[in-house]
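To start, the structure under review is shown below, and the notes come after it.
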Amino acid sequence: MIDQSPAIILLAPFLLAILLALLGIKREWLCFPLVITGLAISVAASVVTLMRVIDEGTIQYLFGGWEPPFGINLRVDGLNALVALAVSTVSLLTAIYSKRAVPAETSDKVSQFYTLYLLSVTGLLGIVLTGDAFNLYVLIEISALTSYALIGMGSKRATLAAYKYLIMGTIGASFYLLGVGYLYIKTGSLNMYDIQEQIVANDLLGSPTILVAFILIMVGVWIKMAFFPLHAWLPNSYTFGPSTTSTLLGPLVTKVMIYVMIRMILTVFSPEFAFDQLDWSNIIVWMSVIAILAASISALAQTSLQKMLAFLIIAEVGYMVGGVWLADEMGIVGSIYHIIADAFMTLCVFLFAGIIFTKTGRRDLSAMEGLFTKMPLTMVGFLVGAFSLIGIPPTAGFFSKWYLIQGGISSGHYEYVAALLISSLINAVLFFRIIEIAYFGTKPAEGHGHHHEEERKDGPTEASFSMLFPLLITAALLIGIGLYNQEVVAIITDFVSQFNIGATIL
Amino acid sequence: MELLEALSAKFNYWIYVIIMMIGLYAMISKNNLVKKLIGMSIFQTAIILFYVSIGVKEGDTIPILYHDQVHPSHGDSHHEADTGHGEDHHPSHEEIVANLHIEPDDFANPLPHVLMLTAIVVGVATLGVGLALTQKIYRDFGSIEENEILESIKSAK
Amino acid sequence: MPSSITSFTPVLASLVSLLAVLPIVLLGKKPNLREGATFLAAFIKFGLVVSMLPTILAGSTIEFTVWEIVPNLAIAFRVDGLGMLFGLVASSLWIVTSLYSIGYMRGLKEHSQTRFFTFFAISLSATIGVAFAANLFTLYLFYEMLSLATYPLVTHHQDKEARTGGRTYLTYLLSTSIGFVLPALIFVYVKTGSSMEFSSSGFLSGHITASEALILLLLFTFGFAKSGLMPFHSWLPGAMVAPTPVSALLHAVAVVKVGVFCILRVFTGVFGTDYLQDLDIATVVAWIAAFTIVVSSLIALTQDNLKRRLAFSTVGQLSYIILGAALLSDRAVTGSMTHIAMHAVGKITLFMCAGAIFVATGKKYISQMDGLGRKMPITFAAFSIGALSVIGLPPTGGLISKFYLVTGAMDAGQSALLLIFLISTILNAAYLLPIGYRAFFPKDPELAKQPFSWKTTEEANWQCITPLSITAVLAIILFIKPQFLLQLAGLMVGANG
Amino acid sequence: MKSFALIAVVLTGWLLLSAVSDFPDWGDTESPANDYRLSQHYITETFPETSVPNMVTAVLADYRGYDTMFETVVIFVAGIAIMSILRRKPLDHLKDKGKETRTYKKDPDLIIDTTCRLMIPIIQLFALYVVAHGHHSPGGGFQGGVIFGASFILLALSRDLQAAQRWVPEKRVLNLAGIGILIYSGFGFACMLLGSNFLDYEILHKIMPATPIEARSHSMLGVEIGVAFTCTAIMFSIYSNLASNGDMKETL
């Protein structure tokens, strides 16, 4: 059974989704346990797979027993084993959170919601694991369709946002599909590794078709990951959808798409092509710099917590795209580490936002008033997430910034370093604004306000355990990933170093 | 002249691009949500045209083996009849494969068709979801004209 | 090369107050036990630090590596002369301040005292962590930790004023540390690839160009904005909204001294004085410091709020230390190191006096303190001693460090800077002495006529008076017996002298 | 917006066209896509390896069966998505609907009604043929399923939604769709349980009366049937939801 582990990662949630669709309609109580089971299995499987990858190296899983390129295969190496683990863990934690939130927000659609939820996760995991370029497209569409629906279940505005997302998403996905077509017409193959071999064999690196294919795929993926000028769909979708939806999609979708970009650059087109032959690093790094700054500044302008976080996601996307296009080994390692770190940071703050929303039913910042006394534990969780986004040691965010900046310096892109620092300062402003509101209240007393030993008027009214638990776990994970960053980075470095890009790692 | 050559040799690639751009233009510029969706399906159909064009070969046929390739016995049963054991003689798979020879250029490339079956399905699904969203939007905002909807949102604020 | 001993003591010395957080929080409901825990921790910490003193004086260092966190970059502790000097100051003064803060907090019935003592303990761990950090990375970690841990203390009152104060505080400290120090840190890491261990000869030379060196130097000097170097000083007066014990410990000892300590480390441990002399870039910093000294002293003159005046005097005094470091001559460096201790003792006395006055009479403004000395003789006696020490007059320790600084300036041949020392000393006298004088010999004839008698005194409660008398005495002792401080400082400069 | 769209379109078009000259000619048998071992293998080896003469079906349901499974899921998702987007409240009015209490919105037109009566069974029969014969002649699960679904849509058009609902009510639709995918993935999981990879049909000869190679073709039929189930159900559900604005009462 152990050698089935890569497939189980995504087949477990898939199977459970179908069972849930069949059994869950009449028996609502069944939904939650089924979801948890499926995702728990998936997490376990991804841990096993990661272990196997660490000691066996790359794992192949052939569907239908057909050798690639004839059949479709899962190809798991250090990169996607890590990302898959992150994806499954995040979705499990979100699922735990959703226990109370889903019945509250999407009443009498619980079973449909969870079916879509599981299928969405399946899609994301499939994207991460597959070794076949076309199969990737199918799974992109699955995760996209499910997310349209998951968002569309929200309020009035959510429907509109979902529609916009649908249009943009379809353009993105179609561009990707076209890109694959352009690759196919020149190489006649669909398997990522085989495509690479064909490109090398018939030395196609010079051919305009491959170039156009590359552009198409990049643009498609950028639309999907909301890279700055193409981000219009994201903020509203994550603001007005059900809180569980944004908690699931916020951390994952963009990160997975960044994974796709890295995979395409490194595996399909090869770094020589992307970085050396077409020397676009400067342009794209500058684009990402603009992305980071613009997104951070517009985050400052937001009064709604969810929307602010949505813009932060866009800024983080800028980090990672820039990091990859530094065309420097350290930069790529940093971006990959940031994929994982950022998945959990974003999860952490979105969980917080969700908790606040379900507790107070409000999205504006003033809803945080006096939370330090009301919900101390929740605030602890939030603080860790916030510090991580700001980049304060020893949270994971600090180290991902560390590696990214290191890459920026060693590749001489100081504008990128500057952007990174400015945005983390802006994050500091954003989050300390929230902390101030939570600590002082919106209008603190003139003069020495509480100058005497006061009894707390209202004791702590913490969120329910099912919401608090994932938050605190995430916080713990953030610190864990931070302290043990070397282990993670070691795996990533093993993967990246085989491409010997730019400067060698210190 | 060469240009004409080039056009005629690759004309359906040109056509696919043109169709696709029509669709894309509709998706971006149209104000009516349903028209956007129509543009979207034009857009996706163009991609299907592109893929299917890849798989075509001069003078090929659909990628299904001929009946007598697969059932040779039936092919020449009439003069096997008098030998008496023709009716129930059914050659095993191995026998058939043994004297089966296929000329790849006779058959169109099956792969693009398979891929496009997927693309069609995805197109249908997306269109369906898009229409559903449009209906809900109409239900909520009483209009499917983008500008009117945005107006109503502004006025609501 | 001095021998080095591996021992867990420095880590423990830093951790002990962090561990104390647990009992403090748990005993939150029982104030006496809670304060007991604080004291215990304080004494243990001091004991641990002192226990290491002989080894250090013997000329060897104590090291411990906790664990490597980024490739070949570890959280590591290392106690040397400078670290020991600072560690001694911080840990000893913590004891005094704890006693004082108990008096103060209870005297004013402050709210949520548990939170106060908790974060107080955390900041002390961070301070000792900075003192004993073995490399730039560890230093940075504890530096950030201190910034965040002190925020709840500064904003303790949770009112509008506190919010504005806290805002400026964090804005300045975080923006400088993230904006300047972090990139400089990573730049150094990338360029040298070394573990950034402090060494008396520095580890930068040969890895970077002169212009890069200048940029790095400025990034570091301004980055550690806790040193209150202008133009990044205005957080310090802003942070005076904090309760006085916080101002006393954090803004006379822990926070600001951490700032200058970091800068000293960068000068002596990262660049190495020799390398800086070769590059000849330190004078830039020297002049910035000189500028800060004069300007801040002038501002101090205009302040009527006692705590603000002290704050600005602190800004000036800190720049003495930076200036001394920037002069690069052995005596000057020795002077600036000892000045950390001298100024700490003097300034904490002054702050505690300010607090005591506030507790007893609720008066904040110097103009109100006319003739107050007759009501609070002990307090104002202590105040005058502290003032003398800060100005640098006998019979107080301030003189010693000032002496070394001035002679150091001569060695460095910076006669222009001598002038600065002269002017600033006069200014110091001008803004500090009158307070004490007016308190005892009021302008107002009515007050002057009243005969003085111990009956009519209205001192603050004993928890407030004891510590400030202790520190005042300490200031005098340091004048009589400064040897061991000088010895510790000598260990550092001797190494590269 | 218009001008922006124009610019975007022109740029994209130019980009796409810029590569066209690099393409192999249309219908070129030597083009990489047609000449590469991948398509060669599919054409020449499909029958020997799977004993299915219809290469498209073989590639669809076996070589790239994993893809196709998720294709089915896409349809399934679309169904559920539309349902959950449009649905306002649980469909109580469908629960208490017995045969006797069925009332037509309008009395059916005689000609239309009779024609449809005659046609619908034939359509359904043809759909079954398309499914069952999918791996020998053009056809397969999707096509057959869609035709089958169309028959119900025709019913709904000729009478009204209620009439069609009697045959395939909401709940049954979901079950059919789910079961369809369950059948498909069931074959896959069966292979896993027998100790082979997911969807590796060959192993199934242990539990079906066939040689390993025939096992492949039989299993393909099986999965096609599964696909047909899902398609049928979802096609109708999409129609009925969109047509009735989600609350399954009278059509628009």
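When the chains are written out, they are named A, B, C and D in that same order, and each has its own residue count from 1.
As a convention for this text, a residue touches a chain if its C-beta (ideal position, glycine included) is under 8 Å from a C-beta of that chain, and two chains touch if they have at least 3 such contacts.
Please read these numbers as outputs of a predicted model, since none were measured by experiment.
Considering the contact criterion stated above, the chains in touch with chain B and with chain D alike are A.
Compare each chain's C-alpha centroid with the centroid of every protein C-alpha atom shown, and the nearest one belongs to A.
In this assembly, the chain whose C-alpha centre lies farthest from chain D is C.
For the interfaces A-D and A-C, the C-beta contact count is higher for A-D. Distance from the chain A centre to the chain D centre is 32 Å, each centre being the mean of its Cα atoms. Centre-to-centre spacing of chain C and chain D amounts to 76 Å, using the average Cα coordinate of each chain. Note on chain placement: the centre of chain A and the centre of chain C lie 44 Å apart, centres being C-alpha means. Multi-chain contact residues of chain D (touching two or more other chains): 16, 21, 23, 31, 33-34, 38-39, 42, 64, 67, 71, 74, 77-78, 81-82, 85.
Under the contact definition stated at the top, not a single residue of chain C touches 2 or more other chains. Counting partner chains per residue, chain A shows two or more touched chains at residues 134, 138, 141, 145, 148-149, 152, 159, 162, 178, 184-185, 190.
If you draw each protein chain as a dot and join the dots that touch, the picture is not a line, a loop, a star, or fully joined; it has some other shape. Contact between chains, per the stated criterion, is found for A-B, A-C, A-D, B-D. By the touch criterion given at the top, residues 24, 27, 33, 36, 40, 43-44, 47, 50-51, 54, 111-112, 115, 118-119, 122, 125-126, 129-130, 132-134, 136-137, 140-141, 149, 153 of chain B touch chain A in their complex. On chain C, the positions that touch chain A within their shared complex are 68-72, 108-113, 140-141, 144-145, 148, 155, 157-163, 166-167, 170, 174-175, 178-179, 182-183, 186-187, 189-190, 193. Considering their complex, residues 1-2, 4-6, 8-10, 12-13, 16-17, 20-21, 23, 25-29, 31, 33-34, 38-40, 42-44, 46-48, 51, 53-56, 58-60, 64, 67-68, 71, 74-75, 77-78, 81-82, 85-86, 136-138, 142, 211, 213-214, 238, 241-242, 245-246 of chain D touch chain B. Residues 15-16, 18-19, 21-24, 31-36, 38-39, 41-42, 62-67, 70-71, 73-74, 76-78, 80-85, 87, 89-90, 171, 174-175, 177-179, 181-182, 185, 188-189, 192, 196-202 of chain D are the ones that touch chain A when the two sit in their complex.
Across the complex, chain B is touched by residues 134, 137-138, 141, 145, 148-149, 152, 156-157, 159-160, 162-163, 166-167, 170-171, 174, 177-178, 181, 184-185, 190 of chain A.
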